[in-house]
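The following pair of complexes shares a single chain, subunit A, combined with subunit B in the former and subunit C in the latter.
Here is the complex of A and B:
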C-alpha cells in the first residue's frame, strides 16, 4: 500500500457553509480539536447566495407563534416531514436568530430596533388563516450576511480551516463506524487521511444534476456521493424544489422576498394568475404549488415572451425606494442577467431547480440514522450530517422559503452538540483506522491518471444534466421516468471512463471536476430511481399518472442504496416532541 | 461566434515560467458572461485553471485581471470586452497556477482587523437593539464579498502586502467601528494607528474603481482617519 500522510483531529467537518461553520463554532468554543475542510474559501460557500430571509416566530412585526411556524412547515412538507424534527427546528428558531444577531449579523431593523421581518411563501398566522411576516432579513442578502457573520465568529474562535481541500471518501471500519475521511489538498494534489472520532458532513446540495439550476458550480453533492459509496442509504431523493423565480435563461435566483415585498406574477395576458389557484395566499403560496401553476400557464399557452416560455415578475409598483432599500441585489441581478431594470419592467422568470429536500438520513440531533438488524433507525457511530446534504427530515416533500437557512444554524448547532457529547462520553480515544483506509480514493485517482480514450468530463456531466432536467422536472409521469432510469444508468457507465487530459498535480481543476462527477452521478441515480418508484403526487413530486397524495401507501420516506440500486423505506415520524400530532389534510392555499 | 483570448498560463508541474497563451473558442448563444466563455474554453483545454462558484457575483471566487482591470468574470459581459481579451491573475499576489493566486496575505490582513463584533456586556434575551438609521450606517460596508479586486489593484498593497491592511480589510474595520453594537472603537483605532496599517492609503482610489459591488473603501478609510484625528484632538 502507498504510504499516505495522516492527520488526526477529534472532529472533522466537511463543508464550511452555514451548517458546517455553525457546527465548527460549537466545537471550537468547546475546545474540541476540529478541522474544517472546504473545497472553497468559507465565504464562497453557496449559503452566500441565499437572499430573502431566515424564519423565526419572533413576532417583531405581527403576532406570531412557533406552533404556527411548525404547522406551516408540516403542511409545506405535504406531511412527509418528521414532526419531532420540525417541532425542534421551529421552537428553537427564535433563539437561533437572536444568537446570530448577537454574533453581529447585520439584520435590517424595524423602528423598535428589533429585527425586520417580511412575508414569505407559505408563512401564515393562526394555522393557515392569513400571511404573516416571519422572514428575518438583511435586505436581500441574508445568506451573505449570515455566512460572513459565521466566518467572522469562527475567526474569533480560532477555528482551523483547511481551505481548498476536497474530501474524497468516507472511512468506515469493520463495525461500520465512521473514523475519518480521505481528502485531496488542491494546491499540492496530495491525498491525506484525516483520522477523527466524529465526522460531520455539511457539504450542501447537488442542484448541478439539473441543466438549469440556481445552484453554484460547487453544488455537486459531494457528501451525498461519499455517503452513497460508503453504503449509507439516501433519503427522499425524489424531492427537488423548483424555485418559481429563476431568471429565464440564466437560472440565477430571484428571491421569494420580491413577492414578500408585494411583487406579483403575471402571465402573457397580464393576468395575476395566482389569484385563480391560491385565493388566500396568492403569489405567496408554497414553492411547489406556485411552480406548478407557472408551468401550467406556460403549458396552456399563456407564457410570455416571443417563445411563450416564461412568466413575468412585476415589482415596479413597489416604487424605487422599496426596491433600492429592500431588494437592491435583485435589481442588480435583473439588470445584469435579465437585461431589465425592475423599477421599470417586469423580470422574466421560470421555475428552476433550487433545493434538494432529501439527503443523508439524520435525526434532529444531526446523528446519521440507518436501518440495521430490523430496526429502521440505528445510529452510525461517529457520523453526522447537517444542512442541505442532510435529511432530518424537516422539509419533507417541499421546503418552505427561509427554512433552509434556519435548518443550517439549528441543525449545525445540534449536530455540533451531539459530536461534543459523543467525543467526550463515548469516544475518548480514536478508533484505529482500517488498514486500507485510503485505497479506494487512491484507486479513483489512479484510474483518472491512467485513463486514456475515455469521454470528456464536461460531456458526461452534460449528459447527466440532460437526463435529469427532462425526466425529473416539475411534472413527471411513469413512461418518462422509466426512460430516465434507463438513460441515467447508461450515463453511469460512461462516468466510470471519464478522461482528463490534464494529469498534473497542482490545482488540477479537471481532476476535481471528474471526482465531482462521481458524486453527481450518485445523486442523479438516487433521484431518478427514487422518483420513478414513488407512485403518488406529494409536494415537489408531481406525478401525472398518480395525481393524488396517497397517505395509506406512501406516507413513508424512501431510502435508496447505491449498491444494487435498492429501495427501502422508513416511517415518517408522526410524534412531535411535546405538542399534538398535526394530522394530514388536503393542501389548499 | 469565436472569441479570442490572451491568457496568462503557468503550471508549476510543467512550465519553467509563465507565458501568455493565444487561444480562441467557439461560443454558444447562451454564453453571455466572461465566465461562460472561460468555462467553454475549459472544454477545449481542460488544463486551464481558475476558481469559480456562484456565477452571480456574490461568492467572490472568480476575480481576475480582465483587459488590465480587476473584475469578476461572472458579471462581466462578453460584448463589453475588446478582443483578444487579455486575462491575467489578480496582480500582486503569488500565482499558484494559471489564474489561481495565493490569497493567504489578503485574508491575513482581513483577520488582523478582528472582523467580528466585540461587545463584552452580556447580551439581552432578545436582540441588541439598533435603530434603522444606525443600521443604515452599515450599508455599503457589510456587502463586501472578499474577492480581493480592490486590494490587488492598490499600489500601496502591492508594495506592502504584509504591513498595509489594504482596502478590503479597512472597509471591514470600519464596518465594525460603525456598528452601534460594537464597543471596541478605541481598541480598533489603536490596532490601525501605525504608519503602514492605515496610513499607507494615499487615496489613489483604484479600489473604488474596480469594486464589483460598487463599495467605496476609500470613503471608509477616510472616516477611520477622521476618527483618528478627532481622538487626538
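Here is the complex of A and C:
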C-alpha cells in the first residue's frame, strides 16, 4: 500500500453549511477535538441562498403551538415523514431559534424586542384551520446570517477548519463501522486519511443532477455519493421539490405572481396550452399541475428554442407600464439570465429543481440507520448525517417552506450531541483503520490520471442532467421512467471513463469536477430507479399511471443500494415521541 | 505577485460560490475573460473573491457601490457577463 499521510481527530465533519457548523459547535464546545472539511470557504456554502426564513412555533406575533407546526409538517410530507422525527424537530424548534438569537443572529424584531414572525405558505393554526405567522427571518439574508453567526462561534470554540479539502470516500472497517474519511487537499493534490471516532456528513443536496436547478454549482451530492459507494442505502431519493417557472438554462426563479398578473404560458407553436389542460383555471392552475403540463409539452415535442427544451412565459401583452411598475425585478431577471426583455419577448421557462427530500437514512438523533440481519434500522457505528444530505425523515414526500433551515440547526445539534455521547461512552479510543483504508480513493485518482480516450467530464455531466430532467422531472409515467432507467445506466458506464486533459496535481479543477461527477451519478441512479419503482402518487412524486396516494401498499420509505442497483423498503415511523399519531387524510388545501 | 497556472486554477475554484446567480456570471467570465486578466488584475480579483456572496451579488448587480475603488474595473467586467446571450 502507498504510504498515505494520516490526521487524527475525535470528530470529523464533512461540509460547512448550517448543519455541519451547528454540529461542529456542539462538539467543540464540549471539548471534543473536531475538524470540519469543506471544499469551499465555509460562509460560501449553499445555506447562504436560503431567504425565506426559519420556522418555530414561538407564538410571538400570533398564538401558535408546536403541535400545529407538527401537523403542517406531517401533512406537507404527504404522510411519508417519520412522526417521531417531526415531533422532535417541531418541539425543539423554539429552543433552537432562541439559541441562535443568543449566538448573535440578527433576527427581525417586533416593537417589544421579541423575534418577528411572518406568514408563509402551508403554516397554519389549529391543525389547518387558518394561516399563522411562524417564519423567523433576518431580512432576506436569513441563510447568510445563520452561516456567519455559526462560523464566528466555531472560530471562538476552536473548531479546526480544513478549507478547500474535498472528502473522497468513507472508511468502513470489517465490522462495517465508520472510522474516518479520505480527503484531497486541493492546495497540494495529496490524499489524506482522516482518522476519527465519529464522522458526520453534512454535505447538502444534489440538485445539480437536474438540467434545470436553483442549486449552486457546488451542490453535487458528495456525501450521498460517498455513502452509496460505501454500501449505505439512500432513502426516498425519488422525492425532489420543483418550482414551475425557472429561467431555462439558468435556474433563477420567476415568481408565480407573474401568472397572477396575467402572464401566460405558450408552447413552440404559440399555443396557450394551459387552456387545453385546465379550461377554467388555465395558467392559474395549481403549481404542480402547471409544472407537469409544461414538462409534457416539452416531452411531446412542442418545446421552444433550438433544443425544444422549454416553454415561453409571455408578458408583453400586459404593456410596459404594468411590467415596469408591478414586475420590475422579473424584467431584470429576464434580461440578465434569459437575455430577453419581457416587454418585447417571452421568457423561456421550465420546471426547476429546488430541494432534495431524500438522502442518507438517519433517525432523529442524526445516527445513520440501515437494515441489518432482518432489522429495518440498525445503527452504523460512528456514522452520522444531517441537513439536506440526510433523510431523518422530516420532509417525507414534500418539504414545508422554512423547514429546511430548521432541519439544519435542529438535526445538526442533535447529531452533535449523539456524537459526543458515542465518543465518550462507546469509542473513547480510535478504532483501528483497515489496512487498505485509502486504496479505493487512490485508485479513483489513479484511474483519472491514466485515463485516455474517454469523454470530457462536462459532456457526461450534461448527459446525466438531460436524462434526469426529462425522465425524473415533474412529469412521470411508467414508460418514460423505464426509458430513464435504461438511459441513466448507460450514462453511468460513461462516467467510469471520464477523462480530464489536465493531469496536474495542484488545484486541478478538472479533476475535482470529475470526482464530483462520480457523486452526481450515484444520486442520479438512486433518483431514477427509486422513482421508477414507486407505483403511486405522493407529494412531489406524481405518477401519471398511478395518480392516487396508496397508503396500503406504499406508505413506506424507499432504500436504494448502489451495488446491483437494488431496491428495498422500510416502514414509515408512525409513533410520535409523546403525542398521538396523525392519521393520513386526503391532502386538500 | 506572479501567477502560475496552479495559482490561476485556485482562483477559478474560488469563483465557485454559494449562490447560483453568481455561479452563472462567473461561469461566463471564467470561460471568456479570466485568462485575459493581468497579474495586477488578478491581485484585485483575488481580493474580490474574499467578499461574502450576498455582498458580492449586490455589487455585481449594481445594487450597491463599493468603497474600494480598485474593485470597480473588475466589477464592470463581471457585469458584462451578467447578461447572457439569447439561447
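As a convention for this text, the second predicted complex is superposed on the first by the 483 of 589 C-alpha atoms of A that agree within 3 Å, B and C clash if a C-alpha of one lies under 4 Å from a C-alpha of the other, contacts with A are read in each partner's own complex, and residues count from 1 in each chain.
Just so it is clear, contacts are C-beta pairs under 8 Å (C-beta built on N, C-alpha and C of every residue); 3 or more make two chains touch, one makes a residue touch a chain.
All values reported here derive from a predicted model rather than from experimental measurement.
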item	value
Touching partner for A:340 - first (subunit B), second (subunit C), both, neither	second
Subunit B or subunit C, by number of subunit A residues touched	B
Partner chain(s) touched by A:509 [first = subunit B, second = subunit C, both, neither]	both
Subunit B versus subunit C as contact partner of A:555, first or second or both or neither	neither
Subunit B versus subunit C as contact partner of A:218, first or second or both or neither	both
Partner chain in contact with A:141 - subunit B first, subunit C second, else both or neither	both
Partner chain(s) touched by A:322 [first = subunit B, second = subunit C, both, neither]	neither
Which superposed partner A:305 touches (first subunit B, second subunit C, both, neither)	second
Partner chain(s) touched by A:567 [first = subunit B, second = subunit C, both, neither]	neither
First (subunit B), second (subunit C), both or neither touched by A:43	both
Shared subunit A surface residues [contacts with subunit B and with subunit C]	40-41, 43-46, 48-49, 141, 144, 148, 187, 216-218, 249-250, 252, 336-337, 504, 506-509
Residues of subunit A touching subunit C in the complex	40-41, 43-49, 141, 144, 148, 164, 186-187, 213-218, 248-252, 305-306, 335-340, 348, 504, 506-509, 512
Subunit C - residues contacting subunit A, complex	5-7, 9-10, 12-14, 16-24, 27, 52-54, 82-87
Subunit B-facing residues of subunit A, complex	40-41, 43-46, 48-49, 98, 101-104, 106-115, 138, 141, 144-145, 148, 152-153, 155-156, 187, 216-218, 249-250, 252-253, 329, 332-333, 336-337, 456-458, 500-502, 504-510
In the complex with subunit A, residue positions of subunit B that touch it	11-14, 30, 32, 42-43, 45-47, 49-61, 75, 96-98, 100, 103, 107, 111, 114-117, 123, 125-132, 134-135, 138, 142-143, 145-146, 176, 179, 181-182
